[in-house]
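In the two complexes below, chain A is the common chain; its partner is chain B in one and chain C in the other.
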Partner chain A sequence: MLRRLSTTLYQRPRLVLALLLGPPMLYMLVVYLGSLAALLVNSFYRLDGFTGQIVRQFTLATYADLLKPANLDIIARTTGMAAAVTAADALIAFPLAYFMAKFASPRLKTVLYLGVMLPLWSSYLVRVYAWKLILAKEGILSWFINLLHLNAPLDWLLGLPGIGGSSLALSPIGVFIVFCYIWLPYMILPIQTALERVPRSFEEASSDLGARPSETFRRVTLPLALPGVVAGSIFTFSLTLGDFIVPLSLGNSKFFIGQAVYSHQGTSGNVPLAAAFTMGPVVIMVIYLLVARKLGAFDAL
Partner chain B sequence: MSDHSAVIFERVSRHFGEVKAVDEVDLEIKGGEFFSLLGPSGSGKTTCLRLIAGFDRPTFGRILLYRQDVSTLPPYERDVNTVFQDYALFPHMTVGENIAYGLMVRKAPKEQRQRRVDEMLDLVQLSGMAGRKPSQLSGGQRQRVALARALINNPKVLLLDEPLGALDLKLRQQMQVELKAIQKRVGITFVFVTHDQEEALTMSDRIAVFNKGKIEQVGSPAEIYEHPATAFVAGFVGVSNLVGGDLAKRMTGSESRFSIRPEKIHLQKPDEDTVPGQIVADGIVRDVIYLGLYTRYLVELTGGGDLVVVEQNLETTSMDVLAARGQRVRVAWAKEHMRQIGG
Partner chain C sequence: MRSKASLGLKLAALGTLLFLHIPLLIIFLYAFTTDEATYTFPLPGVTTRWFGETLGRTDLWAALTLSLKVATVATLAALILGTLAAAAVYRSRFFGRDAVSFLLVLPIALPGIVTGIALRSAIGSLDIPFSFWTIVIGHATFCVVTVYNNVLARFRRTSGSLIEASMDLGANAFQTFRHVVLPNIATALLAGGMLAFALSFDEVIVTTFTAGQQTTLPIWIFSQLTRPRDRPVTNVVALFVIAITVIPIFLAQRLTAESSDTGGG
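Let's turn to the complex of A and B:
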């Protein structure tokens, strides 16, 4: 009986494929894309201001709401933060990923892997609150800065309009630092994977043909690692775009997209506007990926 | 040391921890010659190539390129180029961009780059392929692109790290001839790493045979084959019968070890007359391997010991040679074909 079954399956590879892929595809379609579709549909409804009821008719009114200066301000702030965090994480992650991929012994690589992954094992909320304490006015970081007599530069930094605040914890700088920390593993791992797939002989060939290390990096290593950088930046960028815990716990209480979505679908019950806000990151990511493809980020895949 | 020396190793060692990958090697490669580093894997030949290229530095000793000490120079300041075993073609560049790479990083003007790329494509018979990506090429074509890329800077020495290893037999033999022709044409010193003794014998002007980080022998293909200096060379280059001890004493009257090539030994009928001065021994054919062009016999000698004998199938058929199994035979060879082997 079992034998008959295995023979039947062996002779019908397509059936096996269908059986294997069917359930996850169904899940993807219904739960994953379904919820996205629901979002899209909802964003074209509107909230009736008088009754507090959602009017289920096609309208662009909600998007008109979204484009009000206050809301555009939120989108711009969030996108700017996401871009800054992505750039900073890429800069921090690349050297470490390069070291892990090219120089670390297998043993050291395991240790570094664990080190990168370890923060992901503990609750994200706990880590955010820990950073809140670290960055507080009487926190360990200001104590350390005080020890180094670097108060003046810190005060100057906190005095900058737009990104400053009364302390690191209560300024956009603090939000930036915590975002960078929280999403860093998601940048390191894809870059490391991409670099592992670049054989050492490529860099040797470049050097052999007369390129200095900086040129080898620019013309060979970086272009070949770019898919990894793009993959990592998709994580850091989209995770920052959607997060509401970090700007809620730290910063100067100016809204990010995540907070706007949270408050609109919660307290004010304006689900259509929340949905419209959510479409923002989706559109931004699509544009980002198109630009990345245009720049040849996926050519080396 | 002559002025023509392209590469000189002066007591060069490269240690990896406890392992002596290259152990006090002295070597001189002349300008314009096709020089092969031959040896089994792990014998140090590839490490020597990497030392010349500059990917690795000697633990002790000096390396001279045209009388200049380059021991500590980085690869990008050495006038040598390399054809890698895996070709190492940049996958995100076209064939033309790959070949032009060496000129581009040297900031050569665009017209010159274009002209040289065309010349190089011509040299390796890939004209019109400049726009392709390496992934669209066959193994043999990639090999040619790698060669063109390495030659475009007109290096003083071209290093080739088992470049034909990934090709099938027919293509490999064709590329052997072609490589040799290209080397003649461009007149550049080629240093060729291989573990394939036939390849080394086919292409080289001179060969260095490596074993365990040391050079066993340096010489022309004929010298290496006909006058192996050590038991290792005799066994590694071609097939050799190594005879020593009692057996040698019975045959030659002396216990000192000698080697004899299988093709130099004749099989005779046991009662056949022997030519005076020849070494003879009696035995039984234990095994026969018919290989088309020739046949390999394993002869077990009376009183112990085996000899491998190879005879061409000039007038014999497979039926004839296979019938020899189990037959009593006499083996004979002329004294001048024996080589005394030290060690």
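Let's turn to the complex of A and C:
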């Protein structure tokens, strides 16, 4: 019986393919793409302000709501933060990635790799919590700043308009530091991968042709590592765009996209506006991915 | 020939590494503080009494149990769906093969909030009540890809002639799967499964949209992040969560590293 079934299957590769592919594709198409479709549909509904009920009729009213200055402000603030975090992470990640790819012995490289993987995979929430401990007014960073008598520069920094605030934890600077920390491993690994693919012979050829090490780095290594930076930036950018945990845990009352989505679907039950809000990150990420693909970032993933 | 790294580069690399790890050490430190109301540093005193107190908290046990249950079921679903998809993509070329990979990666490539609010919209539109299963269904969407990636990578390193040999020697498809394919992909399944488990166990963004009033362990921690009420207990929970997520990651890393050394093919 089993043998006959086995033979039948062997003779019908298309059937086997359908049996293998059916369940996972059905799941992803129905649950995931179905939900994304529901999201899109919901963004064209609206919330009746008087009854608090969702009106299930096609309307552009919710998108008109989204284009109010206060909401555009939220989108601009979030995109700006994502760009700043991405740039900073690329700068912080590069030296370690470069060291791992070009100088570390195989043994040391394994250790360093684990050193990057562990924070990447250890609990995201707990790592945010760690920064709540660090940035607290009575916490370790204030203690350290006191020790070094750096209070005056810190106060100056917190006094800056736009990025300052009443304390580190409550200011955009604090949120920025935590975002940089949380997503940093996502930047290190693709840059390291890209750097490892730069053939040593290219760098040797460059130096044989008379380039100084700094010139070789700037004109050979760096351009070839760029796809890695772009690949890493996909993560740092996308993850910052959609996060609401960090600004809700620290931060002040100025919303990010994630917080707006979270609060609209929660307390006010305004799922349509929450849905319209997420279309922002979706559109931004689609454009970002298309550009990244042009720059060859997908090979470095 | 290997050139030497400059001192500046070494220091910068070391600095980045310290930046990554010092916050984790601080979690370790605070689990022992005697301070109940603030996050004072240096610690006013050292105690282990919060560990006992944490063990006695029934709300935490309930949250932990729910998280473990969700992670177990989501991982099982991911193991089955991920392996099926990997096998399909590996053994045949078909129209839209790239689309399969793309679709599976999408839930982790798009911001988590998109997945979350999308599921929330679907749940709302269909008037499905929030339950254990709404959480599991959400988690499975992004867990599938970790199993899929691990198993597909293993398939690509396994020589196809092994399967042909098994069939030539008279084994049917099921025997071949059980005696040849399964032992070959076992460690990949284990590694992918552990990553999926860790991913699910720690997930909060999607869960906030699919859980309704239920409290998983990450949701419990999140509530403490926004409105700290039980600081000492949260410190202990944080330490516990770090330990419980780091161990499987470490093991999964070992498993995939070893097999790529000896895998051949």
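By definition in this document, the second predicted complex is superposed on the first by the 252 of 301 C-alpha atoms of A that agree within 3 Å, B and C clash if a C-alpha of one lies under 4 Å from a C-alpha of the other, contacts with A are read in each partner's own complex, and residues count from 1 in each chain.
Here is the rule we use: a contact is a pair of C-beta atoms (placed from the backbone, for glycine too) under 8 Å apart; a residue touches a chain by one contact, two chains touch by 3 or more.
All values derive from a computational prediction rather than experimental measurement.
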Which of chain B and chain C A:Arg212 touches, first, second, both or neither: first
Contacts of A:Pro24 with chain B and chain C, given as first, second, both or neither: second
Partner chain(s) touched by A:Leu224 [first = chain B, second = chain C, both, neither]: first
Which of chain B and chain C A:Leu154 touches, first, second, both or neither: neither
First (chain B), second (chain C), both or neither touched by A:Ile163: neither
Chain B versus chain C, judged by how many residues of chain A each one touches: C
First, second, both or neither for A:Ala274, with chain B first and chain C second: second
Of chain C, residues touching chain A in the complex: 2-5, 9-10, 12-13, 15-17, 19-21, 23-24, 26-27, 30, 38-42, 80-82, 84-85, 87-88, 91-92, 94, 100, 103-104, 106-107, 109-115, 117-122, 124-125, 137, 140-141, 144, 148, 167, 172-174, 195, 198, 202, 204-205, 208-209, 218, 221-222, 224-226, 234-235, 238, 241-242, 245-246, 249-250, 253, 257
Parts of chain B lying in touch with chain A, wherever the complex brings them together: 53-55, 74-76, 80-82, 84-86, 88, 90-92, 101-102, 105-106, 149-150, 153
Residue numbers on chain A that touch chain B, as the complex places them: 199, 201-202, 204-212, 215, 219-220, 223-224, 296, 299-300
Of all residues in chain A, those that touch chain C in their complex: 2-3, 5-7, 9-10, 13, 16-17, 20-21, 23-25, 27-29, 31-36, 38-39, 41-42, 54, 92-93, 95-96, 98-100, 102-103, 110, 112, 114-119, 121-134, 136, 138-140, 142-143, 181, 184-185, 188, 234, 238-239, 241-245, 248-249, 257-258, 261-262, 265, 271, 274-275, 278, 281-282, 285, 289
